[in-house]
Amino acid sequence: MAHVIDERLANLGVILPAAPAPAANYLPYILSGNQLLIAGQAAVVDGKHLFVGRLGAEVSVADGRQAAQRAAINVLAQVKAACFGDWNKLTRCLRICGYLNATPAFAEHPQVLDGASDFLVAALGDAGKHVRTVLGASSLRSSTAVVIDAVFEVRIDVSNCF
Amino acid sequence: MAHVIDERLANLGVILPAAPAPAANYLPYILSGNQLLIAGQAAVVDGKHLFVGRLGAEVSVADGRQAAQRAAINVLAQVKAACFGDWNKLTRCLRICGYLNATPAFAEHPQVLDGASDFLVAALGDAGKHVRTVLGASSLRSSTAVVIDAVFEVRIDVSNCF
Amino acid sequence: MAHVIDERLANLGVILPAAPAPAANYLPYILSGNQLLIAGQAAVVDGKHLFVGRLGAEVSVADGRQAAQRAAINVLAQVKAACFGDWNKLTRCLRICGYLNATPAFAEHPQVLDGASDFLVAALGDAGKHVRTVLGASSLRSSTAVVIDAVFEVRIDVSNCF
């Protein structure tokens, strides 16, 4: 029987991609105690950045929301990989931080990051509820529009196993 | 008898407000093990941003310090709510991160964030001493001047209780 | 007999400085459970910022890489101080976050932060592998080029001992 998270993803029409490879010399995720730390993820599909440019200029709020959702999908792909595909190992999302490539005049950060938060709650239910911070970055790697990193809580202590 | 933290707040002339509601689809705080994570807080009073604009332009260092203090007051209001009003549940502040809406030429970030750090030490004593990072953001939600998030340590393990 | 980390540092030609004092009212590091949190470090030597200005303007990618490495050296100096000089207390690096003083057009963030990541892996071996996030800041304290903060894992529970 499919796990409820897989059912929700299917209902959302979301197919989790293979977890994206890191952009440089770092790990995509790391486990410490029952905390799972996820490296910053962008809206990258098949190695290509989907939304390039700044909120408040080249990228609209609607596109920024989509970028935030795609970045969150990649975050969740990393979580699934860290759990060896077993959602039962996941307790909940604790925190996301959203970095928006944004102009000085841009002010609608919450609306953009809700693209990620709404997706996480839709996919994980109550376990997707999290604290968050969002801020404008003066620039981001490859001029991508949105980067999101995250901390999740996992059920089992896997310290020193990674 | 009043708790020493309440006495210190009274001496500082600070009345903790009701914990501000989140600006969008996220939690104001979350507990995991003995870590209490606080979502990014701004200098908001009764739903109104007190300091709007950028350090280095519309907002002075002195006003930035006040904004940082007000944001830290809201952080502490969230901590109190998370502890159900019982300061004995709080061990100490571990970390704050300060995001300053700032121009490229601005360079006095530590002076601004000291508005938050000085307040936390004044209110919590040694338990208010923390590590921190401060950086200039290209923009912040509602063009607010300062956002601060934080991690506190609490005395009791409340995993999976939230 | 020298610890392997000291040997690797010697082979890299790196002499860890005394841990830099904080720039304002905060702690350079704090221990909570088996997590060691390091405050934001810049490429400061003897109180002087080595690289001042923005990536994409006054500071080249090559200089940015050096700034990131120097900041990471200062991070490691704090770790050594927190461990009372005993590397056996250190388990591994969990996470770094890199803040680059950068123009809106700058896009080579990973190349810059690799200056820190490459150093940590060279110095700590597998224990230096970490997750990370890197973003452009609109400005940084003293107009320094790079700030890095970090979370390490330590072997012993030192809660409430700090």
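Letters A, B and C name the chains as they come in the text, with residue numbers starting at 1 for each one.
We adopt the following convention: contacts are C-beta pairs under 8 Å (C-beta built on N, C-alpha and C of every residue); 3 or more make two chains touch, one makes a residue touch a chain.
The shown structure was predicted, so the numbers you read here are calculated from the model rather than taken from an experiment.
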Between chain A and its twin chain B, rotation from the CA superposition, multiple of 5 degrees: 120
Interface numbering overlap (same over half, different under half) for chain A and chain C: different
Distance between chain centroids, defined by C-alpha means - chain A, chain C (Å): 25
Interface hub residues of chain C, defined as touching at least two other chains: 33, 103-104, 136-138
Complex contact set, residues of chain C against chain A: 33-35, 56, 91, 94-95, 100, 102-111, 113-114, 117-118, 121, 129-138, 151, 153
Residues of chain B touching chain A in the complex: 23-30, 32-33, 37-40, 54, 97, 99, 101, 103-104, 136-143, 147, 149, 159-160
